[in-house]
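In the two assemblies presented below, chain A is common to both, partnered first by chain B and then by chain C.
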Partner chain A sequence: MNTQRAPSSEFRLLATPLVIFLLVFLGFPAIVNLIYSISDVSFETLRRPKITGLSNFVAVWNDSAFWQATWFSLRFGALTALLECGLGLILAIFLSPLIEKRSWLMAILMLPLMVAPALVGLMYRLVLHEFAGPVPYYLWAWFGASLSFLGPTSAFWTLIVVETLQWTPFALLLFYMAYRAIPTEVVEASAMDGARRWSLLWYIELPLMAPTIAVALLIRFIDGFRVFDNVYVLTGSGPGGSTASLSIYIYEAFFKQGAIGKAVAASVILFVVSFAVLYGLNVIASRRKGVLK
Partner chain B sequence: MGTISLRKAGKQYGAVEIIKDLDLEIADGEFVVIVGPSGCGKSTLLRMIAGLEQTTSGQILIDGRDVTLASPVERKLAMVFQSYALYPHMTVRQNMGFGLKLAKLSTGTIKAKVDAAADTLKLTPLLDRYPKELSGGQRQRVAIGRAIVREPVGFLFDEPLSNLDAALRVDMRLEIAKLHRTLGATMIYVTHDQVEAMTLADRIVVLKDGRVMQQGTPHELYEKPANLFVAQFIGSPKMNVLPCKRNGDGLLDLSGEGIMELSLTGNAAPLQIGARPEHLSLVAPESGHCRGTVEANEYLGGTTSVFVRNPKLGLINVSAPADSAFRIGETVGIQIDSSRSSLFDHSGAAIARTSVF
Partner chain C sequence: MINALRWLVFAIAAVAMNFPIVVTLVTSLKSARELSTNPGLWVQAPTLENYFAVFQVSDRLNIFLYLFNSITVAFIGTTLAVILALPAAYAIARGKLGERTLLPFIVNLRAVPLIIFAIPLYMMFQWLALLDTRLGLGLILSIVNLPLALVILVNAIRDLPAELDEAALMDGASRTQILLRVIAPVCRPAIVTSLIFGFITAWNEFLFGLMLTTSKAVPITVGASFFFAASGGGVQWGVASAVMIVGALPPVLLGLIMYRQISGSMTAGAVKG
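So, the complex of A and B:
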């Protein structure tokens, strides 16, 4: 039996469709992106970009709106990731005995994930609307006062709550799986060793769930960092650009200001930074894996 | 100290009774093996003693103290699980020291105790490894080490060797026996492997459907089984059970195939006679208690198992010297060592025999 790898000519032939696909759909746009990022280009001159060097990058770098958007995305990503994972973890552990007996509960808990984020944005826009929304209406009726949910001071926190409410079930699902996967005998062994509820959680359950927690935090951070749809629908980028995420900044630069070069330059910066972060995390993860094997 | 007593202990899941009013007294330093077929409740019983399973009726006492409602750690017992149940994210040292750490002992004390236990179990070079980096036998030793360091009043073993390969199982069996001699601690050992039971136990408890069928030393169980179930469960290869009847002369009639001169007392009415393969011998067809035709030979190295078919008595397994050669289809006689056979009545209970000739 021949278990050796196919000769390299066949290997190349078989890989050709994939390589062509990647070149056309990833390579070509990437190159166009790079060229645009160092050119003066508008919608009229898409086919004749004028190379201007790094001026787009300088413009982005000096744009306070870019830094504001970056800061928003970082804060938004980190806070929502922490909140979603924290809540998801607590819920997973507390609800686990209940879900185990009635698995249909999980389906109900997963419902928020079924709604498109843009729809969630629209829904909250209606519900929280200062004049038409039921939430401010009842707050006025019962307490005689209401937060201006989408106003300058609370818009950021409203967005955080909206995002957290939608995506906590995702963390809950991952953590529930990880929690159920902890071997019963290991938990029983720790009970024989004298572990009570809290020491069990701290010394056994959380460390065994740590890889899942790390993955969930990363996924939720990335998702929160690049947030676009629900934020754009709910608050636009306002009030006063205070809720513009990096994605919204790039979108607005591209479509609203027609500053294609600047938008693409910002996206290149985003790409380089994300790549560096992910590469760094990967290195750390593989080192840890080397220890635990 | 480490006496463990069960007083009418029972376990029910809903309407299902797993353990029924079980009484068991285990002396300090005794090695008790609980054995039985799968589903007999032996693991449940061990987990009840450990405190991992709630006892629904009766009492469990450790050193005279009622621990029926106590948590596992309050019972001061240590358990070794079938799957080892090591903490995968901890090194061997951390695994062994975890119980001591929870008991809030000082780092120095923990280190000393772990080192001592590691030394006993030859684990010292492995102390900084993670469970994933260990072989099955090494993991089992770590699990035992984790039990030892806590200096428990008793050890509970739940089929600890069934995940190991045959050769390793023999080694670990010897190691556990040695450990029992060195520590002198009470040990309760659950297994379905009767070789482990015979070799390790001071006392074997045979369990069936949550009831004790018989308890006693391996020798007692082997030589004087209290009933048909124990007779067939203990011993490998299995005991032969042949149908029989008491005849008018008070002798034993082997279903018309032969007569055994056994004196039967009183009105004992045995219906079955049990004889282990090694208590049977093959003789010339015209002598012996019964005869049959050879159906198969199994060469086992030390001995040969000869399977002899008798139309009325069924298939009889006779242990013959290894070099004996019987042709398939050959007619042979079987001599039963009547002094070492057991008689059972209609309910399967053994019949006491006073004199034998």
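So, the complex of A and C:
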């Protein structure tokens, strides 16, 4: 079939509802974002924003809380992505002989993925509670230790553990599927050539799984970077804004401080940066595909 | 020997990853009296009193309303996403329409921090009187569900042989007729998968529920947190646990029943998206 043929008008018609929907619910907000970001606007002057130039952007740029939140999001995204993918990879390969025979084991491991991150965050309020929570209880009973999990020094690491434990199953699942998809002939042929288990893993299996690993790292980084739900219900922005992600920073600027201009300017920055990065990644991905073909 | 080690590792991983769920389940079965003396992982006298308490409607808390809201918004957010995505997926897969523009743009939406759109949507909803309505929240959830639904459906249609369309075209059918009578029925498994996946995602969504609803349209993820803001004298942990279990149950059950399809589409969404 000739793929260069111009799309028929009927195809255009079929895609139209989706395009209109996107224009209304994403295009319009994007324009509002742009206008408000260069305006002096408050809840009283929503319909008559006064265009003032780039002062909102300057305010965001000079706001140390913005940079603190950016740094939190970057660190949180990178650390959780690495931990989740590392753990997921080890578990997927080590447990695959068990799961192969009994797929219900995978269902148990996947359970956390089905629960709302907001609810998981709330559950940890119970788990870590100093009187009602089992973790502080057993720590005290067995080790005589009492830790403040959500205090200023440890909140960040507690959140990392919370996020990692919930989303490692995602990486595990992806890697398990990729591992199972390695053709058995490849493995058998290398085994015949006398490859040992470790070199088989290192030189044959892991390189074959590399694309999946890259994708999983990217997805988990993005989800960690834009984290909101579980952090919001567990620590909010935390002591001194120490656990505010960019999403929480924007939310609080808007809803708690009523600083519409600042919140919207930060949204626009995030919007431009994320689309630039994603577009760049798409270009790289399609170039590599071109090379491979 | 190595197998015993594997089982041990599995057990540790399973307990660690499901730990908050286990603790919440155990706590939800403890009486208020037992809770004050026993924060441990066992229950001395299991009771369902917390579950009865959760379903007591008061002026402040109404779990039936939260559950009804979640079901409604998840239903709107899921079906609308599929209704919009299916014809577009057909146009993309067969008409090669927007393969390099529309498709990557929507797929990238999955990766954009949605808070970016939240503030203007909040204002827009204020003008349109959609704040704190189930319809409003449902509309936004369909945007959240669109990327994955589109990827799943485009992949499903691409996997169909082109002869299917061509035979129908020969018979004089229009593209719309082909979509409705040939493609949609054959793609039923993919449609069901996107519906289920969308339902779980929509049910579990929190950010937009928090921002766009206040009382009438509050979904369960947000409503559950109301149980933590106790009316005087600390959180009632037993009742709070019960509400979390109730709120987590529908997506967990769906997920357990359908986990094969879900694992497949998660991988599809990740690898091909």
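The definition used in the following text is that the second predicted complex is superposed on the first by the 272 of 293 C-alpha atoms of A that agree within 3 Å, B and C clash if a C-alpha of one lies under 4 Å from a C-alpha of the other, contacts with A are read in each partner's own complex, and residues count from 1 in each chain.
Everything that follows uses one rule, which is that contacts are C-beta pairs under 8 Å (C-beta built on N, C-alpha and C of every residue); 3 or more make two chains touch, one makes a residue touch a chain.
Because the structure is predicted, anything quoted here is derived from the model rather than measured.
Once chain A of one complex is fitted onto chain A of the other, the partner contacts of A:D193 are limited to chain B, with no touch recorded for chain C. Of the two partner chains placed by the overlay, neither chain B nor chain C lies in contact with A:W71.
Contacts of A:P183 after superposition on the shared chain: chain B is touched, whereas chain C is not.
After overlaying the two complexes on the shared chain, residue contacts for A:L278 are found with chain C alone; chain B is out of touch. In the superposition on chain A, A:F228 makes contact with chain C only, not with chain B. Looking at the superposed arrangement, the partner reaching more residues of chain A, out of chain B and chain C, is C. In the superposed model, A:F170 makes contact with chain C only, not with chain B.
Residues of chain A that lie in the contact sets of both chain B and chain C are absent, per the superposition on chain A.
Residues 1, 3, 5, 7-8, 10-15, 17-19, 21-22, 25-26, 28-30, 32-33, 36, 46, 91, 94-95, 97-98, 103, 105-120, 122-127, 129, 131-134, 136-138, 165-166, 168-170, 173-174, 177, 211-212, 215-216, 219, 222, 225-226, 228-229, 232-233, 246-247, 250-251, 254-255, 260, 263-264, 267-268, 270-271, 274-275, 278-279, 282 of chain A touch chain C in their complex. Chain contact summary for the complex, chain A toward chain B: residues 183, 185-186, 188-195, 199, 203-204, 207-208, 210, 292-293. Of all residues in chain B, only 50-52, 71-73, 77-79, 81-83, 85-89, 98-99, 102-103, 130, 132-133, 146, 150 touch chain A in the complex they form. By the touch criterion stated above, chain C contacts chain A in their complex at residues 3, 6-7, 9-10, 13-14, 16-21, 23-24, 27, 35, 39-41, 83-85, 87-88, 90-92, 94-98, 102, 104, 106, 108-109, 111-124, 126, 139-140, 142-143, 146, 162, 174-176, 179, 200, 203-207, 210-211, 221-222, 224-225, 228, 235, 237, 240-241, 244, 247-248, 251-252, 254-256, 259-260, 262-263, 266-267, 270-271.
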